[in-house]
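Look for subunit A in each of the two complexes below; its partner is subunit B in the first and subunit C in the second.
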Partner chain A sequence: MQDKNYYTIDPEGKLKCMKCGVALEKGKAKFMYLDNGFPVELPVCPQCGFVYVPEELALGKVLSVEKALEDK
Partner chain B sequence: MAQINERGSTHVYHVNRLSKDMMDEMISRCIYEQPAYCNAACPLKLDTKAMLKAVAEGDYKKALSLYEKASPFVHILSSGCDAPCEAKCKLCERGEGVAIKDIEKAVAQYGVRSKSGGVFRMKKKKTVALFGSGLFCLFLAGELERKAYPITVFCEEADLESFLAAETGFLSPEAFAAELSRLKGMDIQFSFGSKLDREFFLEKRPGFDVVCASKAAALRFFPEAVCDEALMVYPEEKLVMGLEGRVLDCAFAAKRAALSVDRLAQKLDPGNSRGEEGATETRLYTSLEEVQDSVRVPSGREGYTREQAVEEARRCIQCHCDECKKGCAYLEHYKKYPALLGREIFNNTQIIMGDHQLNKPMNSCSLCGQCKVTCPNGFDMAEVCHLARQNMVSTDKMPLAPHEFALLDMLFSNDEAFLCRPQPGFEQCRYVFFPGCQAAAIAPETVKAAYLDLCSRLDGGVALMLGCCGAICDWAGRVEMLDTVTEFIDRQLAALGNPIVIAGCPSCKKQLSAHEGLKIKGIWDVLCEIGLPEGAQGLDRPAALHDSCGARGDQETQKAIRRIAGLLGCRLVETPYSGDRSPCCGYGGLTAYANRELAKEMTEKCLDRSDAPYISYCMACRDRFAREGRESRHILELVYGTDAGAPPDISQKRYNRLTLKNDLLFNIWGEEASNMEPDYKLEFTGEALKIMDDRMILKSDVIGVMDELRQTGEAIFDAETGLLIARRRIGNVTFWVKYTETEDGGYLVHRAYSHRMNIVLRK
Partner chain C sequence: MLIGKTQSVCPQCLRLLDAEKHSGDDGCIYMTKTCPEHGKFTSLIWEGDLRSYLQWSSENTKNEAPVLPKMTDKGCPYDCGLCAEHLRKGCCMLLELTNRCNLRCPVCFASAGEQAPADLSMEEIEKQYDFLMAHGGPFNIQLSGGEPTVRDDLPEIIRLGREKGFSFFQLNTNGIRLAEEEDYAEKLKAAGLDTVFLQFDGLDDSVYITLRGKALLAEKLRAMENCAKAGLGIVLVPVMVPGVNDMQVGDLLRFALEHMPSVRGIHFQPISYFGRCGLDRPGRPITIPRMLRLIEEQTGGVMKAADFSGGGAENPYCSFHASYMKRKDGSLKLLPKKSGSCCCCTGSDDSREFVANQWSGSGSKAEFAADGEMTETSALDEFLEQARLNTFAVSGMVFQDAYNLDLERLKRCYICEVDSRYGLVPFCAYNLTDTEGRSLYRR
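Take a look at the complex of A and B:
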């Protein structure tokens, strides 16, 4: 399972970390909820590790997975 | 900041068993499944109601196939039946019942048999002999042929016509001809001209698995034979034996006999495992409220025409119970009758592993108890859903998401926004005013005016307690949390010298009444005693009074409110479902949080009762009605000449509670209030405010994110939109804020969103 990614977003250089002054890159992250983990690839700051969850993702896929897990 | 622990894991594999007896007892109160009056009266178990529906729809084919379940000989039955169903028809209470028998005649006459069945049916292995003729034998032959037994009929008659003619002299020539052709089409062996004596019987008997006889024939074989009429069996000889009687007697006896044949064919005791037979008593309830005088469609000498029968069948009201559904948007919405929905919700709590698909319905009931009043048997969906919620919480299977906002709001009311002080000049007080969290959130000015009034007109000191009574966590099924709130409030009351609580909200009154030794009355009771303050004035137009679901069963409160409305000079219009039958506005039971759309339907259902402005005595009702655009006033607003105006959004509701607390602290108790504003400028676009209210994101959540940003400097810039984005995990939720910086070192918030899943880096 570890190698499967449920979701991938490449920032394509359009996002910048304000703290580190560098562009965000596609990086490995994981959503955790109620003892379940979902590996994903999201825009991540290569220096400080800030992981960005875009609005569409939060209100779309993330929300529907949350709902499904909540009723488990 | 207050926090509630999220469920640990979805991998919890145990349940709290609910007692099945308790569950059955609660659920059996719903009599929806009980048969209609006509159906119950029919010993042949004809589904009269369904047959009438088919006729009403003009579907004679379907009607006939339903009618034939009573007997294949529909002409004999419809001509000769005494129709006990007619006497039991519910419409008899309003005049003439449905002319069921005449409609049955029409069904026999105009119905066309469907071709299927019979032809390719496998015959049973066990064989049956039937000795004799007459109505019983005819009906029994029909029953057994339908059950696919190979049957041989031994009769004295010389041919089929004379066999049929025995005891059917009442048939018209057309009906006789129809039955004759029906009989001809049946797969029955006939041995005409048989000599029905004992020798003949004894000779034939060994060739069959089961033997049956008319009463007359049986007595010839065994003069001492006595029939056990429950089974239609002469037990000593295991002989199925008939009776002589009217058409319905014979048809019903043939049903019992056919069942005995089944048992005997399997060499089983015919007295066992027979199930329910014959006519029954029904516990059904059907309202005749909308039925006027009941008059039959007249029939001609030839009986009903096709069209007349349809017209008469349309008069059937298809008896059923929907008393609860009529008044409740929740039951209407889920469309299932309560016994079924209740059972599914109970079962939902007992799932060890897998999806709890009924979580949403379980959390969508407003727990208002209306059905307990409208149901003729007191079925209580609130009890079912409340117990189910408690059960889910106790096994850590209850999702926190639907209720977290409300629960945090309650903790806010009892923490940051909480206030408890004796009236200045008193150490202990005779009274304490408890307006309720919603009043402070929605109409702070009204709360203040009411408190000042009580202080000035009551002797012995009036303390004030701003907080939540605990109804929120009770509704959420969180028993332990409720215990904590109860203890907390009791401690505060003890410090005030256990004063009499004056509740400003009927739900608080109900909730607090459960505390041991607590004395409580409503502010409405006090106002009835001391009179209204100067300037109190009602609306100048007729208004509808909405009874709060918190006051259900509390006649005193309902009466006091009406008295006050009278003193105010209000002209109240009559509305259906008032008093104890009042529906919930959608706030109760946390419906508004768990199922926003349904809560809206509930509000609309309340408002459907009248076009007039609404007067209520619970702030949540006032708020929800105003939100739907109706002119809506709390009765205390009229009493104190205040107007809370347009309904506040979720952030404003928190802000109102804090400002009320600070205002009163400063102006009544001379205490300096803490500063609630951040020390930087924070502005919101109109769109941001709308989005936040919609997504249940508070300004305080945004402030939390910006505070963190100012400490860590962590944010990203999106070149595509030109917006900066910051985030913070607060409790169980991650909040994201999209903003721009302003010239004065502050921020303008453009959008905000949140998610519950936690995001972490992965190596």
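Take a look at the complex of A and C:
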């Protein structure tokens, strides 16, 4: 199965929501993990609320937070 | 019962000898070797039973090759550099910046202050940094001596090392200058120092008078205050001597915990009988099991012997460690052995990173990949910094002397002295002295 894409990157390098076709904007989001909430700001679709999580963030800080909370 | 064979040296003439490890009549583990000239020597190496001795060994048998090994002539342990026989590329490197010292301790592995040759010049230090980079760097750097703070150019030395690409600096110090000059800690922090490895033998002055020749507790406390203000991580380093401060293990641990997060950990060093050591070597020197028993007994079981494991990157019989998370109510939670410990490490690089992360002060947290302009994740950063600052490391290293030197251990040593005449020399080879105080390497 082909990977489903939720965003595109336009020629200027800006992120766009694939579904709504509009540019993502900086918006508030919250990571929830084991009853802990971490308010962050990330690129968000102003129409459907899709949140873009950069890979470096997911595999970097978020993974480290998970490890710290779980003593992995 | 014979457990294994290794090689060691004669304590009197440092000649290479075959040695056997075996359990003794008391069930503890000993090493025995016989010099054709000076006779038989038996030394305690593990004050515990065979089962505990074998269980302590970690599975990590993966070896590393030193970068650009030195050609040797006489072999281990006589011409280290490191040579191709060595099984570790190194983690922590000691630069002895001076042999001068503002104390005259009755006990000093470096015999500091005795002949006091000229300090290493800035050019020599630069050469040593370059040598390290060419031989597998960057490594963690421990600035040592003598007392390195007697040099006024210490901040420049740290700055130069940073420019050369080294990312973790710890200062091995008695703390006197840090106590006396209030802004000195800040100067060192600004230059790029991460951690102060503070000689801290006990909580009353009788210990300092015995081991250091004068009362120093007030200076130690003031040094800690100044380091905390500057955001320098502090690791308390007690040299453990039977009958002098081995009854203070629990008090030292409680004191260290009370001074978190500026105190990042405590690192016990059972005394080694080499260098200038006015104390007689007891028949039963402190080995790892005794150290762990003292920790368990004197913390009322808050920290248990079973919490600890041996190093994974070095030989496991050289060190012990455990990490704890301090909860909000002050109680401790043991972190799983694979987390925040070296036993997950496969080699020197992992260990180097672990030490740097655990022992650094505030404001030097690990860097992650840069985020885009639209991301703001300070809540995650804060949480990670808090988690790191609430982690407390208890560790220790048992150095070897001519009585218990085991070449299997020595070949996995990753703490080296840098000396332009030889290159990188494992700590226990560099400091080895015979019964007359003669050294293989040290001037």
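The rule we apply is simple: the second predicted complex is superposed on the first by the 58 of 72 C-alpha atoms of A that agree within 3 Å, B and C clash if a C-alpha of one lies under 4 Å from a C-alpha of the other, contacts with A are read in each partner's own complex, and residues count from 1 in each chain.
Here is the rule we go by: a residue touches a chain if its C-beta (ideal position, glycine included) is under 8 Å from a C-beta of that chain, and two chains touch if they have at least 3 such contacts.
This structure is a prediction, so every number in the text was calculated from the model and none was measured.
> Once subunit A from each complex is brought into register, does subunit C clash with subunit B or fit beside it?
clash
> Determine, under the contact definition given at the top, whether A:49 touches first (subunit B), second (subunit C), both, or neither.
first
> Per the overlay, which chain contacts more subunit A residues, subunit B or subunit C?
For subunit A, the partner with the higher number of touched residues is B.
> Looking at A:62 after the superposition, I want to know if it touches subunit B, subunit C, both of them or none. Which is it: first, second, both, neither?
In the superposition, A:62 contacts both subunit B and subunit C.
> For A:16 in the superposed arrangement: first (subunit B), second (subunit C), both or neither?
In the superposition, A:16 contacts subunit B only.
> So, does A:34 touch the first partner subunit B, the second partner subunit C, both, or neither?
A:34 contacts subunit B only, not subunit C.
> Based on the superposed arrangement, let me know which partner A:26 touches: subunit B (first), subunit C (second), both, or neither?
Touch status of A:26: second partner only.
> Subunit B has the stretches 313-321, 457-465, 511-519 or 691-699; which one runs into subunit C?
The segment of subunit B occupying space taken by subunit C is 313-321.
> From the superposed pair, tell me which subunit A residues show up as contacts to subunit B and also as contacts to subunit C.
15, 24, 31, 36, 38-39, 42-43, 62, 65, 67, 71-72
> Of all residues in subunit A, which touch subunit B in the complex?
Subunit A reaches subunit B through residues 14-19, 24, 27-36, 38-39, 42-45, 48-53, 55, 58-59, 62-63, 65-67, 69-72.
> Residue numbers of subunit C touching subunit A in their complex, please.
325, 335-336, 339, 368-377, 379-381, 383-384, 387
> Flag every residue of subunit A that touches subunit C in the complex, lowest number first.
Against subunit C, the touching part of subunit A is residues 15, 24-26, 31, 36, 38-43, 54, 56-57, 60-62, 64-65, 67-68, 71-72.
> State the interface residues of subunit B toward subunit A in the complex, per the touch definition above.
6-11, 354-357, 359-360, 399-401, 712-720, 724-725, 727, 734, 736, 738, 751, 753-763
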